[in-house]
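Below: the structure, in structure tokens.
Per-chain residue numbering starts at 1, and chain names A, B and C are given in the order in which the chains are listed.
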Amino acid sequence: MKDDILLAVRNVSLSFGGVRAITDVSFDIRKGEIRAIIGPNGAGKTSMLNVINGFYHPQEGEILFHGRARRRMKPYEAASQGIARTFQNVALFKGMSTLDNILAGRTLKMHRGFFWQTLRHGPALAEEIEHRKFCEEIIDFLEIEHIRKAPVGSLPYGLQKRVELGRALAMEPTLLLLDEPMAGMNLEEKQDMSRFIIDVNQQYGTTIALIEHDIGVVMDLSDRIVVLEYGHKIADGVPDAVKNDQKVIDAYLGVAH
Amino acid sequence: MFYREVGQFKTTYAADQAIFPIRQDRIGLAIILFAAFVLIPLLGGEFLIASVMIPFLVLALAAIGLNVLIGYTGLISLGTAAFMGVGAYACYKLSTIFPQVNVLVWIVASGFVSSAVGVVFGLPSLRIKGFYLAIATLAAQFFLQWCFVRIGWLYNHNPSGAIEVPGHTLFGIPVTGPQATPITRYYVVLVIVVVMTWFASNLVHGRIGRSWMAVRDMDIAAQLMGIKLLPAKLLAFAVSSFYAGVAGALMVFMWLGAAEPEAFNINQSFILLFMVIIGGLGSLIGSFLGAALIHVLPIIVRFLPDALGVPVGAATVEHLTFVITGALILFFLVVEPHGLAQLWRIAKQKLRVWPFPY
Amino acid sequence: MDILYRIFIDPFVQMGGAPDLLVQTLWEGLVGGVLYALIALGFVLIFKASGVFNFAQGIMMVFAALTLVGLTEKGVPAPLALLLTIGVMYLLAVAVERFVLRPLVNQPDIMLFMATFGLTYVLIGVGELIFGGNPKKMPTDALFLPSGAIDLKILGGLVSLQKLDIAAAVIASVMVAGLAIFFQRTRIGRALRAVADDHQAALSVGISLNQIWIIVWFTAGVVALATGIMWGARSDVSFALQVISLKALPVLILGGFTSVPGAIVGGLIIGVGEKLGEFYWGPLIGGGIESWLAYAIALAFLLFRPQGLFGEKIIERI
């Protein structure tokens, strides 16, 4: 089943005013794989993720998700179709506790309306508790039990990243986009995060697309890699092929003139 | 020593998701409710009930409404008093058109009218944010106040331009108008405020409250969680205006007995804002604390000179109130930017380890 | 159909029928707009340099005017009173920096916003305690401001321009030009712009934030004083004037919080729009619409251009 294509990006171009962020990029993500997007700073990686989850609208090209094409979509529509993500600069809800952050990720799965919410008894409470159970599983999985009730604003960076992953997992996504999940972490934290990513992929079967600068981590984790440079795709393939690609080496090390 | 949750183990998620998970908090709440329902009516004089408690409760209710908007959803509103006015005028119109219907029904209904108006004025929040939105809400303040003055139909073309509350009874007991005793009015206000506070507390602790706070803290991430910004914001406007509207209706029907458009002017909006800020953003307890402080303060300023035997003119007292209120706002912001609610939390933290500091 | 006619056709027929009245209305709108623009300008200065949404700007204007008038009433010669008032505005700037900005540095914007509310109340209270709440007359002659009017016979009618208004426009232009030069050409101006961009970066190259804040609040105070003198000369000086300062707020949403040209153009648009609206459309719905018309204009404008007059389109980054 690994060859089923979950998401395809077709000839996408994106520009802001005169600045071209992405030029005619195409690639696909298969079901159940870990797909990495790498490239030097300013290559358009984050913009690519923003296009995928509907935050930016590309001027040209289209995105196929589950085989259905779409050009313009709202971020919450992407969310309701099962695309979750984490952010380069942690974008947690800073005033809320870890548990509330993760519960917020369950928003789409909770259906009790305004009336029941004002009572918070019967169905609304039952629903709340059911989702609490689910969130506790995630908390357990990510080993963040001890900070369950702590306000996330005061947590150290590494833990914040983990909570953010938890919040994305709470959405039970089919496609999980991770924007530099290991930026600014030390070796130990990177190992932990890598383990979580692999576990998510294998236990829940979640498809993952990630951006990462640590080439070692990328080579170990990912099934296939896309390389972007200045908004263009310069390579696409399995880690070993990409590693030996001349264009990629030039992009990273510079070209001898 | 007395405030310690050690040994209180939760065995179900239901117990842990409760709004007051700690036993001492529940006892404290019971004591406060007992005091409010039994002790104050028994022991309090007319002045305490009519001029302190009723206004305090009404203002606290409006402050809760404003807190939903500012503290929970992060939308600054400078027009709360206007929405109180909408509630007051709606209640006045409804109860004079249909005098036979129970006035409590109209108080609730006027909340819904205010809610609808709030949603309309909340629409710009789709496109504008932050302080720009704050200024836009001033449009509501000025426009609605203009309506209260210029549209004669709203005050039944009363030559004085004011609305006067007719007498209404509930189960044979007068609840509004000159015949109603302060105690009756106090109980009506108290029950409404307690029930609505309970609703608000339920809302902010559940899914809806979480999506409001998500919008407040990081609206982009909230969208990517599947939260639609406009409905979330409009719901906050609706709920907030509902509370303000009911508070406004209570203010005129249960507290003042009559009101002019000036009662809902911009200064009243600001005062409510102070209550929320000094009480603590995003805290329902804070709304009560803030309302208590800001409402009681001028009363103290008014009586203190007499008590000390220093003769001070009425105008001076008013100016002094301004200075003291302003200075107090500055003082609280500098000392404890998170408001009285934060002081309360710190006090609880201290109590937890007392009498041993570590 | 009648109502449509009265809204969309009739006012323009009136304008065409009596062009002198139209010019007169436009002129009054422009002058009002200049004064709105000045209030907005003081606000923009402070917002740019210290990131504070200074709600007290309008009150600073009244406070400055009241101090000036109060001092002259107590027998101080007008020029000396002017100097003293400038001194008071400086002390105010120092006090604000010391007791409000410094302790609140790095707090969320809304806290600083609320702090300026506190400041508003303190200023109102102190002003009324010292000078009393009665409206006072601005001593225009002693301040060498012209009075009387110039009557122009144009367009088959009479257009009357108050000399005071002309003086106001001239003073405002000179002040704006002076500020522009100050910002662009001087060392302090450069430091101000640096602080506006990034507090920490400015600190790291050795700019003293505290000093800059004092300078900015003082400058805004002087602008407030000038505005206060001019408004005070048109009507009386009392805290009732603060209503005018609230009208300067829509100017800000129109022009943007950080744009000096925005404040000026926005002020003029609001001033003119408000006068035209009140004069030609106001009677249709009962008059007195000046209290909210400015907001309606600004809001309507924002629906089409959310970034304001001179703002750049914001690309949100995550």
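The definition used in the following text is that a residue touches a chain if its C-beta (ideal position, glycine included) is under 8 Å from a C-beta of that chain, and two chains touch if they have at least 3 such contacts.
Computed from a predicted model, the values in this text were never measured in an experiment.
Trainee: Centre-to-centre on C-alpha atoms, which chain is most distant from chain A?
Mentor: Measuring from the centre of chain A, the most distant chain centre belongs to C.
Trainee: Indicate, using Cα centroids, the chain positioned nearest the centre of all protein chains shown.
Mentor: Minimum centroid-to-centroid distance belongs to B.
Trainee: Is the number of contacting C-beta pairs greater for B-C or for A-B?
Mentor: B-C
Trainee: What's the distance between the Cα centroids of chain A and chain C, rounded to whole Å?
Mentor: Inter-chain centre distance comes to 48 Å.
Trainee: When the C-alpha atoms of chain B and chain C are each averaged to a single point, how far apart are the two points in Å?
Mentor: Going by mean C-alpha positions, chain B sits 33 Å from chain C.
Trainee: Between chain A and chain B, what distance separates the C-alpha centroids? Give it in angstrom.
Mentor: Inter-chain centre distance comes to 41 Å.
Trainee: Provide the list of chain A residues touching at least two other chains, using ranges where the numbers run on.
Mentor: Residues 55, 87, 91 of chain A each touch two or more of the other chains.
Trainee: Scan chain B for residues touching two or more other chains and write them down.
Mentor: As it turns out, chain B has residues touching two or more other chains at 220-221.
Trainee: Hey, what residues on chain C touch two or more of the other chains?
Mentor: 316, 318
Trainee: In the complex, go through chain A and note every residue touching chain B.
Mentor: On the chain A side, the touching residues are 53, 55, 74-76, 78-80, 84-85, 87, 91-96, 100, 103-108, 110, 112, 114, 117-120, 124-125, 128-129, 132-133, 136, 167, 171.
Trainee: Which residues of chain C touch chain B in the complex?
Mentor: My answer: residues 53, 99-100, 103-104, 107-111, 113-115, 117-126, 128-129, 133, 246, 249-250, 252-253, 257, 285-289, 291-292, 295-296, 298-299, 302-303, 306, 316, 318.
Trainee: Name, in rising order, each residue of chain B that touches chain A in their complex.
Mentor: Touch residues, chain B against chain A: 12-14, 16-17, 19, 199, 202-203, 205-208, 210-211, 213-214, 216-218, 220-228, 235, 282.
Trainee: Contact residues on chain B for chain C in the complex?
Mentor: Contacts found on chain B: 70, 76, 124, 127-128, 130-132, 134-136, 138-139, 142-143, 145-146, 149-150, 220-221, 266, 270, 273-274, 277, 281, 315-316, 319-330, 333-334, 337.
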